[in-house]
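A, B, C and D label the chains in the order they appear, each numbered from 1.
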Amino acid sequence: MKTTILIHCPDQSGIISAVTGFIHAKGGNIIYLDQHVDKEADVFFMRLESDFDPNSLDLDQFKNEFTTTLSKPYQMDWSLHLDTVLPRMAIFVSKYNHCLYDLLSRHHSGELNAEIPFIVSNHNDLEHIAEQFNIPFYHIPFSKAAKLKAENQQLALLKEHKVDFIVLARYMQIVSGTLIDEYPNRIINIHHSFLPAFAGAKPYHAAFERGVKIIGATSHYVTEELDAGPIIEQDVTTVSHAHSIQDFIGKGRDLEKIVLSRAVKLHVKRKTMVYNNKTVIFS
Amino acid sequence: MKTTILIHCPDQSGIISAVTGFIHAKGGNIIYLDQHVDKEADVFFMRLESDFDPNSLDLDQFKNEFTTTLSKPYQMDWSLHLDTVLPRMAIFVSKYNHCLYDLLSRHHSGELNAEIPFIVSNHNDLEHIAEQFNIPFYHIPFSKAAKLKAENQQLALLKEHKVDFIVLARYMQIVSGTLIDEYPNRIINIHHSFLPAFAGAKPYHAAFERGVKIIGATSHYVTEELDAGPIIEQDVTTVSHAHSIQDFIGKGRDLEKIVLSRAVKLHVKRKTMVYNNKTVIFS
Amino acid sequence: MKTTILIHCPDQSGIISAVTGFIHAKGGNIIYLDQHVDKEADVFFMRLESDFDPNSLDLDQFKNEFTTTLSKPYQMDWSLHLDTVLPRMAIFVSKYNHCLYDLLSRHHSGELNAEIPFIVSNHNDLEHIAEQFNIPFYHIPFSKAAKLKAENQQLALLKEHKVDFIVLARYMQIVSGTLIDEYPNRIINIHHSFLPAFAGAKPYHAAFERGVKIIGATSHYVTEELDAGPIIEQDVTTVSHAHSIQDFIGKGRDLEKIVLSRAVKLHVKRKTMVYNNKTVIFS
Amino acid sequence: MKTTILIHCPDQSGIISAVTGFIHAKGGNIIYLDQHVDKEADVFFMRLESDFDPNSLDLDQFKNEFTTTLSKPYQMDWSLHLDTVLPRMAIFVSKYNHCLYDLLSRHHSGELNAEIPFIVSNHNDLEHIAEQFNIPFYHIPFSKAAKLKAENQQLALLKEHKVDFIVLARYMQIVSGTLIDEYPNRIINIHHSFLPAFAGAKPYHAAFERGVKIIGATSHYVTEELDAGPIIEQDVTTVSHAHSIQDFIGKGRDLEKIVLSRAVKLHVKRKTMVYNNKTVIFS
């Protein structure tokens, strides 16, 4: 039985020794250990993949002892994940289809170890793609008047389907504080610029106007401040004076889908940790 | 005899045909032609490398006829450069040495077809490097009180040495409007961020604080607005949570020197044209 | 009416002037001109996008005069393409679906200006994807015994559907000389390595074995010699000791689909020319 | 006092716990731990940076106990390095100066934590650069006749100056088995291609001939088989049909110097381990 344990706590001497000793004593075999210390914030981060004999491990007892022996004395925030439990992701889209196609074809190919209980959109342009891939599609219009109602419908769907995290696959709407509070560091957005350059609307137009020689895309966790959440993944591609805004948009599509998929995979594999509005990525 | 002609003018039908016909009629062989139309601004750009028999070309007559036949009717801004005339570049530095070392070792290896009449600095930390490479070094302190005096000294040196363009190789001082007016689109700066992100002071600190996964460097022509001039060249490199600000600075040094050298080479080869605060780079 | 003219011929002085003069005389407006001289082979290449008033241009007469005035005296190989005529591409696949999904979703989004009359495969694993996108799918088994028969079936389909070029989207079969002769420089393959490294079978295994730090993908025109045809496009991504062969394959999938799509787009836009087993790419 | 411990041994359960427990018991604070298991070879690798109070650590006793308690029972190959002891690197050059300039200017700037007791060359073209940087320079001609004598002179110099590792900064000569045996996995070469493509002589010419769209450089440890040793670092840059062989060489120079410097830094920081002709790079 493979487990992944994520830990962060105030830094001090002896944590690695204590945790790895505990795992060893419980009969676990450590497959991979990644560790990081944020020296500015004095915080210790660890990700541990371990293998246990499922017959000899009592999970509840393990958690209790871990809490008593380690997490309390070291003031740890920690979580344990079994690789048999797939996280459940909802996809929010608007009218652009490239990120949706990319996510669904990866999922369909078995590349993405998550369940996709549904897709939601404020338009019904992409319903046929949901149908192509046999994923339930909900059309929830998002007019100014009915914003609150729409959000409540979204929240009800998320609860009903026990969604673990949300992917905004070029959703084009600002997500409200209510939703963010329900899913802290669990809403993944793709922004079509190399943040923090060109935050906000129409980043390709702004990049064209500024005459940059490289454009980018950024995937980040959504926070209350627009396009300012913890960055998970970024990538770039070169452009030149010969490229029009349409060319920027076309080249950008490839970046967006690749960067978003990488971020979603990192999240699904529990390789991301968030602290002080930044991420630790154990890739 | 190799000539490079740079042209920009309002776009209209027939320019390429007219110019290439003229060159052909004068006995020139076109080696390379690059052309671009900025469709937003309706401006035509062209760069032409041609080969002429030096015995049969009267340069003054060529220029006169080009003016009468082409540049006036088509309202061209144009310039002609002989590859036998090396542009003269002054280097401004402060205390960082990596860009200076890179430029001087390239120059010394014959990689950079320019003359370097002198290096100027507000400190004398790098004088020994100038000596290593046998380039005259002028130390002009740049205190707040003596700013105007210092600038006048700089201007006098530039005039005296018939300098064509200036390279700010991590100069760390803001260049005044007077100097910019004397050298419009002929002062090349290296900024240690992926502009427009992190303009201004301490960009690596700001990038670290924001938690970006990619850092960059940008070489641009200096204009009155800080770090907002036409971008010549940019490049990036990946960083992670494991990198400290010192690591950012170290990785950035490699970017800075490569990006600055590329920009200087493009300028020296007359492959850059500027319009509407953007560059056309015929690379 | 937009036309694209491709030319290659022995290099000599005056070609650009002659061709652009001809276009101008016929009332055409040159939108973009790209030109290259292979100095080793002394061959001149040009790609010209021009705009004509459809009412005043007699296409047959244009072609006749171009032949008499230019192509004969300059010994040109040339072709003229109208942007209203979409090239017809057949897709050959085997069992891997990522490149197929990528091509079809781009086509579906209007990103790929080509017609796809059919998909053919030696297996029927991907038939459901063809159905998802409403493209006819032919299953032609490719056993050793029935190889010749299978090829004849393929050729018949290609003829019947007036196919212009073929995309091998991870087809996994060696294409015979007969097919290559019918479609010279018109069969595009994606090889999952940075050619010429790791030609042939199982390149990711070979790359893993060699301990490289970067893997790549290469799209090329198919020639008789395996994986040795003219390269259209390449790209790479970094790997480390921490990646398994499965990780190489996963990262490679993203490269393969992006590189193949870029190559297909370049071909569709008639931006590729082939000479001496190399490509000139006017991107 | 900062120590770096490198370990590799047959993989088994409990190693991390045993080693970190030992460090903790000896009063050490683990600053960074990197670990890897080669699942094919069943080998465990670890790199540990720890901080000790210099007054309370008896280094000899520590080593003895480590050997008894850990290295013997776990059959470890291990080494311990103090960050106060700088490794001593000899630089071998021929006629190209760009890698030498890059290494020396980094060393001069304090970027490279190594000592450079001397530079050796089979030509004296670069003697003036050694003088610029005040590093002793030895000219040992390498004619076919005097090859053995030259090697013995090299070996004597290396011994005399207690050299830890050798950097071949575009040395252009094949290093003999004798030297390799004396410095196993401690001779760093830069090859001017993306290995394994274009091993051997004139790789830029071969790359040009093949028409690749990307060129690279590879730094590796030297083994008896030419250009086939464990790869430390690789990087690439794009090229096009418009680039001549001279352009390849020019672009390649920048790659070579950056890739070689990165590899040398990784070696100096003891972040490289070698196994089965591959490297584990804890970067």
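Annotations
What we mean here is this: contacts are C-beta pairs under 8 Å (C-beta built on N, C-alpha and C of every residue); 3 or more make two chains touch, one makes a residue touch a chain.
Small disclaimer: the values here were computed from a predicted structure and weren't measured.
Where touching is counted per the definition, the chains common to subunit B and subunit C are A, D. With centres defined by CA atoms alone, the chain at the far end from subunit A is B.
Its interface matching that of B-C in over half of the contact pairs by residue number, A-D stands out among A-D, B-D or C-D.
Centre-to-centre, using mean CA coordinates, subunit A is 42 Å away from subunit B.
Subunit C has its Cα centroid 36 Å from the Cα centroid of subunit A.
Residue positions of subunit C touching 2 or more other chains: none.
Only residues 36, 38-39, 194-198, 210-214, 216, 230-236, 240-242, 244, 277-281, 283 of subunit A touch subunit B when the two sit together in their complex. On the subunit B side of its complex with subunit C, the touching residues are 13-14, 16-17, 20-21, 23-24, 29-33, 35, 37.
By the touch criterion stated above, subunit B contacts subunit D in their complex at residues 97-98, 101-102, 105-106, 108-109, 111, 132-133, 250, 253-254, 258, 261.
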